[in-house]
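In what follows, chain A forms one complex with chain B and a second complex with chain C.
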Partner chain A sequence: MFYREAGQFKTSYEADQSLFPIRQDRIGIAVLLLIAFVLIPLTANDFFLTSIMIPFLVFSLAAIGLNVLTGFAGQLSLGSGAFMGVGAYAAYKLTSIFPDVNVIFLVLVSGFFSAAIGAVFGLPSLRIKGLYLAVTTLAAQFFLEWCFIRIPWLYNYNASGAIEIPKRDMFGITVSGAEATPLARYFVVLAITVVIALLVANVLRGRIGRSWMMIRDMDIAAELMGIRPLQTKLLAFGVSSYICGVAGAMMVFFWLNAAEPSSYSITLSFQILFMVILGGLGSLGGSFMGAAFIWILPVFLKFIPGTLGIDIPAETVEHLTFMIVGALIIFFLIVEPHGFARLWQIGKQKLRVWPFPY
Partner chain B sequence: MNFKQFALGTAVAVALGSSGFVQQAAAEDSNYIPLLTYRTGPYAGSGIPIANGMSDYFAMLNERDGGIGGVKLNVEECETGYNAQKGVECYEATKGKGALVYNPYSTGITLQLIPKASVDKIPVLSMGYGLSAAADGNVFPWIFNAPDTYWDGASVVIKYIAHQEGGLDKLKGKKIGYLFLDAGYGREPIPLLEDLAKKYGFELLQYPVPGKEMQNQSSQWLNVRRDRPDYMVMWGWGAMNPTAVKEAVKTRFPMDRFIGVWWSAGDDDAAAGGAGAKGYKAMNFSGVGTEYPAIQDIVKYVIDAGKSETDKAMVGSTLYNRGVLNAMMVAEAIRTAQEKTGKKVLTGEDMRIGLESLDLTAERLKEIGLDGFAHPMKITCEDHAGSEPVFIQQWDGAKWNKITDWFEPMTDVVRPLLEAAAKDYAEKNAPWPARTEPCPN
Partner chain C sequence: MNAIMTSEEMPQVAAPTAEREDLLRVDNVSLSFGGVKAITDISFDIKKGEIRAIIGPNGAGKTSMLNVINGFYHPQVGTITWQGQVRRKMKPYEAASQGIARTFQNVALFRGMTTLDNIMSGRSLKMRKNFFWQMMWYGPAREEEIEHRKKVEEIIDFLEIQAIRKTPVGRLPYGLQKRVELGRALAMEPDLLLLDEPMAGMNLEEKADMSRFILDVNQEFGTTIALIEHDMGVVMDLSDRVVVLDYGKKIADGPPEEVQASQAVIDAYLGVSH
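Entry: the complex of A and B
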């Protein structure tokens, strides 16, 4: 009843091929964008913006990046954290060398460095698959992390070994550095995330995306039908690393303000991978849901005891959060191994036939 | 699973979560001190005694004196797990409640907070850690790292080694190994050590220990065995310390030539080496033991009263007392700020004035029941570190004993380097805000 597209006729091919062919989806997306661009900026406090929304968007974008590679092109990767780091360090170097260039432009450019390195580490994917490929991307993770620690040029020879983001203005508004208001940073992160997500959504349903999915589903058949595995796989690695790189640069420029190499460690790679798996492999919406689950839920959980007036020591709350989130991950994967995206699909189907399920 | 139940459950969970989001308003008649602690994760071994020491001292002040200047202290812990992202999250969650000062207890988190401090007008007290260059109060008016920076510490170690050898000129040709946690924390002292190596002609051998491999240092110690350094200096934290002491015992390195920084001076760190660890040395600037009236008060008002989660055996250990020292500095800064501003309930800006005017004399230390617990310290507008003297303590197999008198750091070498580093930091982070805060002294 709620989700019935009966009566929505398409009179042109364009309408039939549009990104959101169902009216309810269009309304839903418009409402979400309205909330993100208007409601949240009007109502949210600084904590909500800086500790929940900005990280959530950054992680969503990183999860989209990994989803392109793992979910759509079928290449398992454990190096996404390091590729994010490449973006961050590239953007940092770029802004130190060209302090007057618009920082958003630099963040977007830094993704290309990440894409190039991602493509290089994607080369083994032509020969090896699955878990074996995961091991080579793991090598990328460790090698790049080593570079972040051992090449002092990357962090401008700072004694601390960390990169610290200077203040940068855009049209008279400070967007990076400690003085940037959470709102300005939120808008930048939101805009970049939404634009890249829309671009990726369009790439995925076109020729390139379809060739990725062909490679994922059966690479020999895809090759026989004229898909070139070399270009397709490397393109997937490149695009995925580009998105991860931009996410990584945003992470340090608009969220953390300073980053040590350990910020881009294997833990981050796993975090992103869990977001993708929980959200749903091969689903853009799932990337957002996965990121929300992994990042926002623990923050919410931490506040529950305080609100209910229960006095629990901080570390117990932390342990409890770990346990609850862990249990929920297992629970959701048992209930729906294909992730939240699949749950949402089932939900849509239920809504469509409600109240007369068959 | 029934879909309806599932949807309902999710909705309830989300509603519960979001309702928790309303921030509790800060109580009007108290001074709010957030404590970024870590009782979980790989650094919990060092984090727990410090967290206990700090919260117990504040709890004691509340119980015994009813707070400071008649105003209760509202202390809240936030668990960071030594993770910089969580540290920033804790900072954002607590700064709106009228936080007076932050004690991040992590160089990584400190680095994140340094640029924020001047914007949010909340000072950061990184007691004996963090960015050494922050000692320059003209560049970093909001950051305090009294009583000593890492560079002070590194200079004291070299001075102590020279003392053992019979003079600074005897350092020539000696090999000094530097075992450090490969993170901002462990890398901080390297520029100074390299500088001193050049100056005094000793060879500095570096043995970095990656954070995720700090419990497996066999390769580093194999290199130590090969290089045979005359002395080993360690900048370790968390699980790295006991592992290093164990490995040193295993490699039969002479323990009295193995010297740790004040953060490697924990009781558990040394005890891990068993009987072989006897002779291990470490720098320290806070007293050990429980024979101080203030610590006795903690036992009486807080621990025996069952108002703390501290194990009584932990009281008096090096890191516990370090936490007490940190809490005492915060408390004294609050008292100073109350005197200076005439206000009872303070803000971050008042607290900055209090910290900048902090003058802990020997008489004052005696008055608060911590006579001889720490060296008298004085913070000025220019010097936020104080570069106070440090002593060396030695592990006798069961407890730490102070074996030297107070050692002055080589301020003449350290200070110019600190100022150069502060300038460098400001340039790299240009445009760095110039100091506008007037000097309260």
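Entry: the complex of A and C
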């Protein structure tokens, strides 16, 4: 009803190829950004920022990273958790070696370490496809986790075996370490996530994004159109691991403050993969929706009994949350196997033709 | 005309195409997979600007021949000469960068992408802007994108598929998918266009449309076309010269009317009692 592009004519290819060609979409994204940058910082309390918004943004970015590889380039990966870990450990080492360098810069640089390692583990993708490739990325997951435990240099020979993030200032504001305010952390995470999401969206709508989708949809035909399979796949692995690495570094620097090797275990890989599948393979918006569903919904569910005044033990609430979220995942995958992104599209299509069915 | 034409004594026809320059020459090519001989000692040429048909019964080695030209298969014996130069062993993407485009027997479109993106993908080789500019979008990357979009829109106009520009190709009917696939190959602006059964599974009207497009591509853009097709009426009407394969061997080569009259071809298609 309100969502109709009738009458919005494009007179140039520039306009037709913009990210949000429909005016309602542009308004919608502007409102979302306004909420994220103005409304939430003004109104939200520390709990909301630390437990909901910051992890949500970190996971969204990680899901975007995996989506580039699995959703757009069609290479199934179970190593995203480990690649996040590489980013975290690299950023930690970098800030130990160069304590005076801006920590955001180091977080962004740490992604390159992750990208390099991701590209190495992407080499088998030339020969191996689908589930078999997933198994080789599983090897990356276990090998890197082993490195995080067995190479004490990575965690500065810390007795606990964990990395603890030191206090770092930027322009006089503490952004990492235990003293950093949630608001400062939130702005850093939000800015990095939004900027990377925008850059990825640009790459995806151009030649390189198309070459990834060509490889995904029909690799033989892609090769015939002049796409070099190895370079294209390795680039996808590199870009995906870079984004995952930055997300991993943000996870420990701006959210957890400390991390153990088990923080970047296979569980995290699966969590990210579920976000991508549930949100929608091959959709950036879907990555955000998937992350919101997997992360925010359980947090809310945990508070329902308390606010309703029902007295249930904490463990039972935990178990109930697991069961409800699990059931919802199954429900949504049956209703729409292509994820929330497709549901959203169907909804928009319905609005477009409303009040008629088609 | 009752002489049986073998590959040794193939008729040199005095068609206008005969004097033209060779675009591609295949000399004594043999290809086998283990003990299976797909192609045995085949030689033929494709002249610049002609429409060359490759026909033969099922399993004759036609698609294998296209795969050899494409660089998918590497023949054990024989040479391929492309624009006067003997070609070394190469990958399909190298063949693409030399100007060989191809459509497939079973439609091989990028199903998750729109018609527009599919045809744009044909321009991949001609787009150069690097990762950094792609990330920035505004500036060189967008200029390049729009420059190629204009070319792609010309192809969309030519093939009369404006209405399905933004439709994901997986949702299109088969006839239109074939047309989009032709458009994608045309977007590469190839010197040689290989069409593997462009009319398979089409109705009469769609065949007429496709024939018209193939002739127009040949005449307006001057593209050399090699096509595999089972519809003899179409083959005989469209092509300048026809090469006939059977069991991996060449049994006839020449203008359509000669090939039609050849006893070897009739035997191959209708069978003979031994």
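Here is the rule we use: the second predicted complex is superposed on the first by the 358 of 358 C-alpha atoms of A that agree within 3 Å, B and C clash if a C-alpha of one lies under 4 Å from a C-alpha of the other, contacts with A are read in each partner's own complex, and residues count from 1 in each chain.
Note that in this section a contact is a pair of C-beta atoms (placed from the backbone, for glycine too) under 8 Å apart; a residue touches a chain by one contact, two chains touch by 3 or more.
As the structure is a prediction and not an experimental result, all values here were calculated from the model.
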Combined model on chain A where chain B meets chain C, clash or fit = fit
Just chain B (first), just chain C (second), both, or neither: which does A:I227 touch?
-> second
Looking at the overlay, does A:G206 come into contact with chain B only (first), chain C only (second), both, or neither?
-> second
Go through the superposed model and pick first if A:P166 touches only chain B, second if only chain C, both, or neither.
-> first
For A:S265, decide between first (touching chain B), second (touching chain C), both and neither.
-> first
First, second, both or neither for A:E179, with chain B first and chain C second = first
Tell me which partner A:L42 touches in the superposition: chain B (first), chain C (second), both or neither.
-> neither
Return first, second, both or neither, reflecting whether A:M214 touches chain B, chain C, both chains, or no partner chain.
-> second
Is A:I310 touching the first partner chain B, the second partner chain C, both, or neither of them?
-> neither
Just how close are chain B and chain C at their nearest CA atoms in the overlay, in Å?
-> 22
Contacts from chain B onto chain A in the complex sit at residues 1, 3, 6-7, 16-24, 37, 39-40, 76-79, 81, 84-85, 88-89, 92-93, 96, 107-108, 111-112, 114-116, 118-119, 131-133, 182-184, 187-188, 190-191, 210-212, 309, 421, 425, 428-431, 433
Note which residues of chain A are touching chain B in the complex, please.
-> 45-48, 50-51, 55, 96, 99, 149, 156, 158-162, 164, 166-167, 177-179, 256-263, 265-266, 297, 299-301, 303-304, 306-308, 313-315, 317-319, 335, 346-347, 350
Chain C to chain A touching residues, read off their complex = 70, 72, 91-93, 95-97, 101-102, 104, 108-113, 117, 120-122, 124-125, 127, 129, 131, 134-137, 141-142, 144-146, 149-150, 184, 188
Contact residues on chain A for chain C in the complex?
-> 13-14, 17, 199, 202-203, 205-211, 213-214, 216-218, 220-229, 235, 282
